[in-house]
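Should a chain be cited, it is by its letter among A, B, C and D, assigned in written order, with residues numbered from 1 in that chain.
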Amino acid sequence: MPRELTVNERTLLARAAREVRHGMVVNLGIGLPQFLPGYIPDGVDVSFHSENGFVGMGKGDIEGTPDSDVIDAGGRACQVVKGAAFFDSLMSFAIVRGGNLDLAVLGAFEVGVNGDLANWKIPGKLTPGMGGGMELAQKANHVLVISHHLDKRGRGKLVGQCSLPLTAPKCVGTLVTERAVFRRLEGRMTLVSAHPDHGKNGALEGIDADVPVADSLENWEGAK
Amino acid sequence: MPRELTVNERTLLARAAREVRHGMVVNLGIGLPQFLPGYIPDGVDVSFHSENGFVGMGKGDIEGTPDSDVIDAGGRACQVVKGAAFFDSLMSFAIVRGGNLDLAVLGAFEVGVNGDLANWKIPGKLTPGMGGGMELAQKANHVLVISHHLDKRGRGKLVGQCSLPLTAPKCVGTLVTERAVFRRLEGRMTLVSAHPDHGKNGALEGIDADVPVADSLENWEGAK
Amino acid sequence: MLDRVTTVENAVRQYVQSAQTIMVGGFGRGGVPFTTVKFIADHANEYRNLTLIKNDANEPGIGIDALFRQGQVNRLIATHIGLNPEFIRRMNDGEVECELIPQGIFAEKIRAGGAGIPAILTDIGLGTEVEAGKRKFELNGRTLLVEEALRGDVALIRADRADRAGNAWWRGSNRNMCVVMGTACKRVIVEANEIVDVGTLTPENIHLPSVFVDAVVPAGPLPHGDANAA
Amino acid sequence: MLDRVTTVENAVRQYVQSAQTIMVGGFGRGGVPFTTVKFIADHANEYRNLTLIKNDANEPGIGIDALFRQGQVNRLIATHIGLNPEFIRRMNDGEVECELIPQGIFAEKIRAGGAGIPAILTDIGLGTEVEAGKRKFELNGRTLLVEEALRGDVALIRADRADRAGNAWWRGSNRNMCVVMGTACKRVIVEANEIVDVGTLTPENIHLPSVFVDAVVPAGPLPHGDANAA
């Protein structure tokens, strides 16, 4: 950040923003999730939680002057809104584990059809440490993963079984890509909406797994 | 409180105050210990900890105006000195259990020769609950019990074995009465000083137990 | 930020019910939600079979004592009941159950409930009656007690200052168990001596963040009597 | 109240030694004791074989990175090291050991150390690599991991404001792990951007009470570079 978003990224962010409800306490993972606030409609009042120690994070570059004593979990200077509260790491994760974080918006390397999430480690390649990711994935009341539909090799991020080390098992509630929305229904990530440019076939493209499909797909734009 | 102290009480408080060292963090139990601050010499700078949530308690009735939002653990309005800090019960007991309380000054029903302390419950008669007493007794770096030498029936508070439910086993470091000072040395409460009015015999009077006696007794007034 | 200010009546009617486990703040008088408790006592037929979690039993005629007197409480979990001989009499007569827990462990069990920690291992109470009936665990050659988390349906706490979103601040020794109880219940009603606009409190100095709070209600006056009495 | 103000040199010489376990505050730059760490790095021969406990490894060239570069550290316990590829290289080359812990559990283990709680039971990390080698405990039909307390010999933390007795306060997100680390070590050195007289801080708003603190030293300027960099 800041960087230019692609059309696909803007599409998936706009769709993901519809998953955010008025009054929610929301944690945003590093990367694409950090762009989400710009897509949340006016009037939807959300408290952003930053696991390094506050709720009431301002909308990043969108409003106010960044304060170098107020960094988000990615190290980016930001600012707080009126009504924010600062606290320490203990209170921050008490909020997460105690059931007071309504929504965690995370990126993914892989999402299993069973809702497993792998987003923290690629053995031999990337060993950054899990940070607060495991607790966010395991304990947020709802986990929304936003991700490009396909990885760089053209394979779907939604997989039959994760091959990478898990961040948390069976934790993903919703997966939004630029092509599709999947929700974990009866324990399996189920296609519930497809982008009109791609349709159901495009929404399942690249996914080498048996993915359930809802009887009637939600309208992409009008989804609740 | 306030009440008139007896001569014996004033004697034991004055002696007990000599156990308090410059810079200590000290918790005072309810009852006689609450009178101790008045006996601590000027120049001995002590931080009083109140387990309901602060360090830096003022010296009770001695200085300042009581504040009804600042109560000690006995419910008595007091006040704080400059440099005090208020916190919640969690932080308060973190201080106690984590090793940052230098001294707890407590009353006793019975002290065992092995250092056991019973001061919270008389089955069938008195069931007030332990409050913070168990943690103070078990976890203060040093436990100083101050007590009348004899109970109402003329029996020594120092006993061969406690008959009442324990507050904590083997926790008492020093016992000060109006007649004697006992310290736990090699696991046993040992007579180390006797008040000159009573001498060694008076210091052991009423104690139905085998109490070790130090080779040379400390001077009552001049004890370190 | 959501505006959570409402009346004590609305808050209690919305969140409190019979047979709940209710955490009640306070140590002595500081932090005791007298206003909210009084509403529950004034509607004794509607709120019964309660389990209360509170540091102490207040004194006769004050605070939660009315709930015992009116038979609204089945069980109290506390650390100290010595200032309420009437409660002790009721306990001894079998009118109400009481579980006593060392004060710091009482706070830790509630914290564990709030912080999503199922249990802690502790040495507090070893060699005393507190051991009785507790599971044990051997760790590095030490025997430890397993103390499980406590959670409640509703927390009732009294703050000195709260903003309309629910951020709260306590004066002096009033904080005691209030903050930790506010983290450990499904619903949290904060009665506040002073309700201020959002943005008035310094964000670094907030003791309980608004994310835990469901309702902010104005606190009534403290009960009569010796202000020092617990 | 004792006056605990001294120089960084005196504080480090008095309390820091080779082969100690040292907790270092900070998340990104906020709370990192750059001044104290620099003294230890500038005297690399005197402070070696250290075990560090810190949220992250800072970035190359910043903060504790110098201690890795100079081979002063045997082991790091952290939650995230992704912003220091040089540290990762050293770790992969076997120059330094690293244990990674989920961030909230990292904080809880330190809290347990400070609060005299030998261990907690948690479900965080079940079904992941974090389980490996940990003892388990069955509670109410759930399998839980035993996470033991962490303590240190010395805590090095940076506050925004401290009084001469050691009471400390943090601005914004600078508090992070600083307070909890300050409770969990035998000795605590607070470097402060601003040192004020005792009585200046509002007692209710103190984040770390002076009873934990051994030395207060003036903080030097933040290191150069992008102020936003972690």
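Note that a residue touches a chain if its C-beta (ideal position, glycine included) is under 8 Å from a C-beta of that chain, and two chains touch if they have at least 3 such contacts.
Keep in mind that this is a model prediction, so the values were computed, not measured.
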Chains in contact with chain A and also with chain C, listed by label, are D
When the contacting C-beta pairs are counted for A-D and for B-D, which pair yields the higher total? A-D
In angstrom, rounded to a whole number, how far apart do the mean CA points of chain B and chain C lie? 30
Which integer distance in Å separates the CA centroid of chain B from that of chain D? 36
What's the distance between the Cα centroids of chain A and chain B, rounded to whole Å? 56
Send over the residues of chain A in touch with two or more other chains. 54, 80, 86-87, 90, 93-94, 96-97, 139
Where in chain D do residues touch at least two different other chains? 108, 111, 115, 117, 123, 170-172, 175, 204, 207
Could you list each pair of chains that touch one another? A-C, A-D, B-C, B-D, C-D
Using the touch definition up top, name the residues of chain A that touch chain C in the complex. 23, 25, 45, 47, 49, 54-56, 80-87, 90-91, 93-100, 139
In the complex, go through chain B and note every residue touching chain C. 50-54, 66-71, 73-77, 80, 86-90, 92-94, 96-97, 121, 126-135, 138-139, 165-169
Spell out the residues on chain D that touch chain B in their complex, using ranges where they run on. 1-2, 111, 113-117, 163, 165, 167, 183-184, 198-199, 203-204, 206, 209-212
Chain D partner, complex, touching residues on chain C are 108, 112, 115, 117-123, 137, 139-140, 142, 144, 146, 148, 169-172, 175, 202, 204-205, 207
Can you tell me which positions in chain C touch chain B when the two form their complex? 27-30, 55-56, 78-83, 88, 91-92, 100, 102-108, 111, 123-130, 160, 170-180, 207, 227-230
